[in-house]
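Next come two complexes, and both contain subunit A; in the first it sits with subunit B, in the second with subunit C.
Take a look at the complex of A and B:
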């Protein structure tokens, strides 16, 4: 999967995890893919949920380490 | 009516009793009731009365960040949410009651 932009949000908590993700995705073109790195579990559930409520497509949510996750989102609108 | 109650006070407060009474009245009226627990309101999730409200048809949400900060493991009948989720609930509701 081609990732167009990556956002490292290690150390960030809600609501900044979603707010910073939204600010980046607003700068991207439709169809582009954003990979978000998170280490805060509540955000791992809520960032994808909020992205879907925003109309974006969540491609994957994977645990990639001990207390480390990636959320992959395609910009749809 | 779509009613949203935002509960930000603990289960030992007078607001808790107010919330339960309002919620029960609302459910009797067949309102579409949502309750969002945030701040110290997330402690209410452990109270037996909240489970009863869920069983009677109230939709329950909580701020996952606030629950994590307080080391609470929320029950499965409540849905994990966020400030963004709350903003969507407010926009979707006809009346909002905020108990702080």
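Take a look at the complex of A and C:
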């Protein structure tokens, strides 16, 4: 999977994990993919949920380490 | 539209950015926007305060008065320690303490034929929160001539009124003179100095003015064009009355006779 942009949000909590992800997505081109790194567990549920509510496509949510997750989103609109 | 927010701005505006209708793009529109508010009184206080909190980047404020104890029952931009201070200066201090992103341009002067066009021309939207008919007609005619959207509100006793004149679309939007062709004769309409006013009515109507301004800046929702919203504080009721462009209107009708600014005489100068 080609990732166009990566955003490291370690240390960030809700709602700023989503706010910061959204600000990046807004400035990307349609079809591009953003990979978000999170270490705050509630955000692992909330960021994908909010992204889908905004009409974006969540491609993957994976645990990639001890208290470390990735959320991969494609910009649709 | 590109934008780069500081950490503080991301936190300050996060509740806007989360909204699908606003986002970073909308917040940047707000920061780029220039809004002029006529009067830093009962209506201007809440509208200016909310526009500043929302991050409207440039707010012009016109008022020639100084803060008086009799203002403090409703004019929440001011406070007891500011009595005697020009209202625009007091407003500027309150706004700057709330949000350093906002640039306040203070016009400590009375609007007249010679300055109104020059003051309005650089702003995107005008909010009228003035307390007299001569200013209302002057501001309306100037906004019409310059093609600026005008968010107009008025308050008296327990009643408030609100409407939007979108002079970017002169062909379709009615104007203030379609609603009120000319100032009423002296003595017919009491001023709030004579008739009294429940302070919170200004808070409600001024906040609704800010809401209309934010919608116009963001390009969302339906602006209150061709509709007069009337608020009754005693019944806690809102009514919406539709009105149309008057083809015989002397300003915006088919054969306009008003082509220059008019300075009407202020009917009542009573002060308490």
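Here, the second predicted complex is superposed on the first by the 77 of 77 C-alpha atoms of A that agree within 3 Å, B and C clash if a C-alpha of one lies under 4 Å from a C-alpha of the other, contacts with A are read in each partner's own complex, and residues count from 1 in each chain.
The criterion applied here is as follows: contacts are C-beta pairs under 8 Å (C-beta built on N, C-alpha and C of every residue); 3 or more make two chains touch, one makes a residue touch a chain.
These numbers were taken from a predicted model, which means no experiment stands behind them.
Look at subunit A after the overlay: subunit B and subunit C fit there side by side. Of the two partner chains placed by the overlay, only subunit B lies in contact with A:41; subunit C stays clear of it.
Residue contacts after overlaying the shared chain place A:31 against neither subunit B nor subunit C. Contacts of A:15 after superposition on the shared chain: both subunit B and subunit C are touched. Judged by the touch definition given at the top, the superposed model places A:23 against subunit C, while subunit B stays out of reach. In the superposition on chain A, A:49 makes contact with subunit B only, while subunit C stays out of contact range. In this overlay, which is a superposition and not a single complex, subunit B and subunit C have their closest Cα atoms 6 Å apart. Put simply, subunit A uses residues 15, 18, 50, 53 to touch subunit B in one complex and subunit C in the other.
Across the complex, subunit B is touched by residues 13-15, 18, 40-43, 45-46, 49-50, 53 of subunit A. Across the complex, subunit A is touched by residues 2-3, 5, 10-11, 14, 17-18, 20, 23-25 of subunit C. The part of subunit B that touches subunit A in the complex is made up of residues 63-65, 67-68, 80-85, 88.
Those residues of subunit A that touch subunit C in the complex are listed here as 15-16, 18-20, 22-23, 26-27, 50, 53-54.
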